[in-house]
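See the structures that follow.
Next, two complexes with chain A in common: one pairs it with chain B, the other with chain C.
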Partner chain A sequence: MKPVNFDYVRPRDVEGALRFIANDERAVKIMAGGQSLGPMLNMRLVQPDLIVDITGIEELRQVEEKNDTVVFGACITHADIEDGRAPDVTRGALRTVARGIAYRAVRNRGTIGGSITHADPSADWISILAALGATVTLRGPEGSRSIPIENYIMGALEADLRPGEMLVSVTVPRLSAAARWGYYKSCRKTGEFAHAIGAFLIDPERDVCRAVFGATESRPIVVADARRLLGDSSAPSAGFDSRLADELVEAGGMADPIDRQIHVAALRRAVEQAGAA
Partner chain B sequence: MNTINLTINGRATSAPCEPRTHLADFIRETHDLTGTHIGCEHGVCGACTVLIDGVPARSCITFAAACEGASVTTVEGLDEDEITAELRVAFSREHALQCGYCTPGMLVSARDVVLRMEAPTEQDIRVAMSGNLCRCTGYVGIVKAVQAVVADRRARGIQPIPDGGRTRLGPAGSGNAAERGAAPAPATTMNGAISASAARPASVAQAENWKPQTTFEQSFTVAHPVDVVWGFFGRVEEVAACLPGASLNGPARDGHVEGQIKVKVGPISAEFHGAADITRDEATRTGVIDGVGKDRRSNSTTRGQIRYAVRQAETPGETRVDLTVGFTLSGMLAQFSRSGLVQDVANRLIAVFVQNLEARLAHQMRGDAGPPPAAGEFDAGSFLSSVFLGQLKRLVGRFFRRN
Partner chain C sequence: MAAQVSSGQGVGASLQRKEDDRLLRGRGQFVADIRLAGMKDVAFVRSPIAHGRVRGVHVPEELRDRVVVAADLEGVKPIQAVSGLQGFKPSDQPILAYEKVRQVGELIAMCIADTRAHAEDLAALVELDLEELPAVHDMLAARQPGAPLLHEQWGDNIFLETFVDVNMEAALDAPIKVTREISTARQSMAPMEGRGTVAYWDNRMGQLVLYTGCQMPHIVRTGLAECLGLDHHQVRIISPDVGGGFGYKGILLPEDVCLGWFAMRCGHPVRWIEDRREHLTAGANCREHHYRITGYADRDGRLLGIDCEATVDSGAYSSYPFSACLEAAQVASILPGPYDFPSYRCRTWSVATNKCPILPYRGVARTGVCYAMELVIDAIAREVGMEPHEVRLKNLVRPEQMPFDNITRKHFDSGDYPEALRRAIAAIDVPAIRARQARPEPDGRLIGVGHAIYCEQGAHGTSVYAGWGIPMVPGHEQATARMTPDGGLELRVGVHSHGQSMETTLPQIAHEILGIDVAKIKLVHGDTEYTPYSTGSWGSRCAVMAGGAVATASREIAKLAEGIGAHLLQAKIDQVELVGGAVVGPSGSVTLEEIARTWYRRPQNLPDGVDPRGLEVTIGHKPVRDSGTFSYAAHAAVVAVDPELGDIEILDYVIVEDGGKLINPMVVDGQIFGGLAQGIGTALYEEMNFDASGQPLASTFADYLLPGPTEIPAPRLEHMETLAPYTEFGVKGIGEGGAIAPPAVIGNAVNDALKRYGVELLHTPMTPRRVLEAIRNAPVREDRGPEAMENMRGEFA
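Up next, the complex of A and B:
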């Protein structure tokens, strides 16, 4: 249960990190909090030549609050968000979800950027951030680009990183005062990876209504215009259209009817939660 | 080896350690502080929980090098701590320990609950402590002890500190030290050192009663006639060339081939060396591939069987291929189970395989000169630089906690 004998560097800035990951002759792996990578290293599932620890990079440990967004550096931890050290502009959505990630001892080191890039479909951040309409910013040899988080996740454990690229920040839009959200995950044990996640946002002032079926074993299934899931009624939970939800999940590639049912139920509960909020 | 500087239990220390040394080993091996226990060593059981810069963290999945300059407190350093002293009394009173193995981690996590939570219910405490596993005495006494200390302190007017007193952003333990620069000479590990000396059995025909641990089915359609596709599947070298990451050591002899296949899922990689026996039935247009392989790096072995059936698709001129894949994995890679993800991987692998197959068949149909199109041209990111269908179900473990 000991990792292979890798080399270790801790660059001071993003440019330094990019220089290390540009070398494709060696197996190079970026590490942030290491709460997913650490176990894989101990198990020797991952056997890198070089670990690039990015937690020493000041830029990645910063949060910038703007008028209509907040930008989290990649190394902001779950506990930073849970405790409010990093501002939450989502009417409590991020804080509430952060509180439910793994365990406190993990949240004190696990990072938002690491969790997203690890691209486990069951990770909480992927689902809630997709519902909130967040984008990720990547930096590489060809400069910087920003893409919606649901496009960043390409499948199980696969993020859309081009050679030499790394995630530097996550941008979350500020919700308006009337916005409501819901988040429900189905777990058998506290802190474990979810079997199904439903995430929902309705923000009438910004004309946004999004729903996400998460923990799908692949990419999250995002419904960008989720009003059609709500039926005719204006009260979100009153007319949740389970049949349409089931069709959307099936079209998203989920064949097993029990899986679909759990995912539909998770989203229904998230929608109900938003209605009650 | 590098020298790591840390403050442990209030004392500045430094000791040489390899980058791969995790914090739990560092404090146990170099400082004889054996109160920090190592249980699962992959972040699940909580026995190794210590305070890093004042907040709890898993020392088995935190590398000592990443904590350069940090302040670490182990259970030994909590002797004089007021909350921990109260917890010790309560743990004794409530019989909250039996063998004591989980207790150091329990105390560190319990201290965090007492410090941060105002008036937790029994359920709240159970949730907050759920990252620490006890395997003998159970949780009733532990929960009672924590609850009693919380109630007592609140009754004495001591307020909780919800953020545990942490003011800094970023992972606990990080950000205390300066840059650590240029990588020295390449690590002298086995990485990349793959030799072809893996033992290969002469025949791999599965025993009559062999049953795979895992089986799944897949189908796809190719825009070429049945005869062409069936013929193609008979040419092992071409099939292998369409499978990303696969290569053969030589031509097939009497349906027996030897070769290797690389598997890469996210940061996980393995290279299985092995052999396969292929049988085909012209009458039913079905085939069976029996294979065994060994990944020397992880000392894992796999045994698998792929059955394929080739038949006319609904659209004339097209062919439907049905696959049944069964496999068993043993060794290190088999410790992990994450059902479902394999389907996603398999779907994407098959998409690439079909794409390569189509390209190859189209190339042959046109009678183009020159070499056939290269296999494995797969630009869906680094994910499947190579993949073997069935290996993955157990590769990707749910064992590890989230980042």
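Up next, the complex of A and C:
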């Protein structure tokens, strides 16, 4: 379990990185925290000629707080968010979720951009960011584009990253003061990837109510208008419609009844958590 | 004769571990820390398939000097671990595969390069021409006629079948009869440090030197010498610090033989450090048992008989030295556990499958046996409507029966099993749990309480092993004790510590007898060149056997020192006595320092008739009876089961343990905690799965789950002390016990929690999915959709 020989560069800016990535004669791989790429290199599942380490790029380590959003550079680490070095406009949602990702050693290095692009369906950022309505910004030879995170994730380990592109930032909407969220990760041991995730946001002032079934076999199942899961009641948990939730995950491609059961339960618990908040 | 004044360092003292000074500072030396000039790295080409015919192994011409294949290994013998039990079919485990491969990960070629990465590059260039054969990965299927055959000449896939019947007929019309099919998953041992070997040929000594983290250096030397056709003096095994063994590091691996063979020819050191993928998929497999077991009882819970068919998945080969039938054949003899009942029948099969050889793992067969037996006892209790502990109390061997020969003629040396159970039941507070269960939990979870009791036969010796006829039969355990000129002491033993703290505990024993400061007593172990022959560390034997040998040797040293002391004090031998590190006579005393100085450096002060043995002895030891010590424990646990997600949380865990005299209680607690963690792994997390073609499905710790610190509860631990009648100080072996009971305890607690559904979980690990499947298949619930879950929550609201 040792990688093949590869060359290594650590450019100083995004343009420099893009120049290396544009090279299509050699197999090039971007490395951020290396927490997912490292094992894949060691198992020789990827055998690049060149590794472009992007953690030396200042722009990707920036956080910009705006009126209604915050923009995280791709190389902000899980620990940056956990420790509050990066501002949190989500009423604690991101910080809480960060704390439950892997182990501290992984969080010290693992980045938000790397986690999303790796596109492991069980990754925590993907589910919570989809619930919050985040978008990702990609830059490449044709310039920049921004898309909702759930569109970026195309399937298991498959992100919509075009040749020559890299993810530069993640934009997260600021929640209003009355917003409530819930996040439930079902896993068997601390630091393990999830077997089911429920993520939920209700932000009446902004007229947003979103739910996510995460840790599926593929893309997260996003319910953009999640009010219908709550029945008529204004108290979220009282009327959680488990049958509808079950239909939604089934329609989302989940055939196994036990899988559906734990995903529905995870979401219901997230909704209850939001109700209690 | 030597007498002792209490110093707080002897037997019974919770002395801090001497080895921790280097280990906790990161200054230990493990195989992978060893750097030798010119050393090269090895990577193996391994079989990618579970079963196939080897049609060709193509090595590019330019790599011929750096790649070794089976044809190169002229004169090297395959590994054979034969059992003398009647009907055993031996297997040849090839060093490098030639005609056939029989498991994923089997060695096919060895590649040598300056780094492991480059060696892996070479491995990728070796082309294999394998004809895939149907594989059999399910032991019950492998037992059936018509199953694909691993070793064609056998005619079936059965290493060994055994059968015992003691008066079974008499129990068959008992009023209560419960039958269960119970199984434990295949596991991987997963010590922190995997296997690894550094090998070189020492020209000056004319010796093949092998550094390898090893529990049994002398046994591995014998096995290696036989495979390579060397004299024993031409092989030296050095086992440096060992980062956990659990049985895996007792085994002679084909990798060792390959490296040894190459090191004899290549003129430079070579090393192989097992990586985690190799460890999980190709090496350290264990535990997989299947039971079809029936318990017979009368209506008040008295056990009348046990009838069992047990199958053990032994994997592809019989591994050295314990053989492929250690587990199954032990099952037959230890299944009755600490219960006294009149009828017993057990048939066992050790079955060959296209998987890694099964290796003895901490607790060996006992974990599966305890799980099967204790689940059946609880099932009987439910059947007769009694509390499970009441059923157990009716059937456990009683203290007044000790020593007790049970139905399989196991000789229980001592103990009060009912008392251990009563204490555990009191500590876990069963009535309080029953009261709690009567009310719904606010979070909707289900509470269960369970317990189990087991005995751990340890340090079983010649009389037990002679009958097995495997390559290794333990005899007298030897120790060398020798005083140094400054009055210190060296102890040399052939067992090796892979976490047992022997650098601390064996000196404590010598201190107890000689009064020499523990800091001045050095343990030398882990090197065949420096230590007396021993079968090594396994079977919870080190404290009893090596400890007993150290005690015996220390007493000899005491006598010798008294002899010299008497000369110096001009007294008669029967007028002197060694007390607290000095020989005391009628008119004064002389310290051990002075005695050692005189013997080694001032011999002119000794008379002609002085005992020529000086201050050095090597002597063997056996307990008064070598049928083994019987430590035992009762464990009890409270769990909460989440019926929606299937998660199981351990809320409380109690252990009441009797290990006889504890040499160092802190060390014993550590052994029990560590074992408990592994037992919880067996119960809830660890599982090595295979697909239909025999491919192992877990190749990293992302797929093979181990419990971590947050999954292990802090157990409440109580000790009882019934001295073993046959051993030095009354010590009993306790090294494996912690790992034996947890699957049974947690299984019984989970089944208690799930009683309302009328279902039981009978397979480890008890994963969320297995919990949920059991609930969904429950006979008492018709509606199984999400609505039903919602309704169920309503029941508690």
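Couple of notes before you dig in:
One rule holds in what follows: the second predicted complex is superposed on the first by the 277 of 277 C-alpha atoms of A that agree within 3 Å, B and C clash if a C-alpha of one lies under 4 Å from a C-alpha of the other, contacts with A are read in each partner's own complex, and residues count from 1 in each chain.
The definition used in the following text is that a residue touches a chain if its C-beta (ideal position, glycine included) is under 8 Å from a C-beta of that chain, and two chains touch if they have at least 3 such contacts.
Since the structure is predicted, the reported quantities are computational estimates derived from the model, not experimental observations.
Once the two complexes are overlaid on the shared chain, A:Val4 sits against chain B and chain C alike. In the superposed pair of complexes, A:Gly140 makes contact with neither chain B nor chain C.
Comparing chain C and chain B on the residues of chain A they touch gives the larger count to B.
Touch criterion met: A:Gln35 reaches chain B, while chain C stays clear of it.
Of the two partner chains, neither chain B nor chain C is touched by A:Pro148.
In the superposition on chain A, no contact is made by A:Gly252 with either chain B or chain C. By the document's definition of touching, both partners, chain B and chain C, reach A:Thr190. In the superposition on chain A, A:Arg243 makes contact with chain C only, while chain B stays out of contact range. Shared-chain residue A:Gln261: touches chain C; no touch with chain B.
In the superposition on the C-alpha atoms of chain A, the part of chain A touched by chain B in one complex and by chain C in the other spans residues 1-5, 39, 43-44, 189-193. Of all the residues in chain B, the ones that touch chain A in their complex are 2, 18-20, 22, 25, 41-44, 46, 49, 52, 55-58, 60-63, 65-66, 68, 109, 112, 126-128, 130-131, 162-164, 166-175, 177-184, 186-191, 265-269, 297-298, 332-333, 335-336, 340-341, 343-345, 347-348, 380-384, 395-403. Across the complex, chain C meets chain A through its residues 115-117, 120-121, 124, 275-277, 644-647, 684-685, 699-700, 702, 705, 707-708, 710-711, 767-769, 772-773, 776, 784-787, 789-790.
Touching chain B in their complex are the following residues of chain A: 1-12, 16, 20, 26-27, 29, 31-51, 53, 55-56, 58, 60-63, 73, 75-77, 79-80, 83-86, 101-106, 108-111, 114-115, 118-124, 154-161, 163, 189-193, 217-218, 253. Across the interface of their complex, chain C is touched by residues 1-5, 39, 43-44, 186, 188-193, 195-196, 242-243, 245-246, 257-258, 260-262, 264-266 of chain A.
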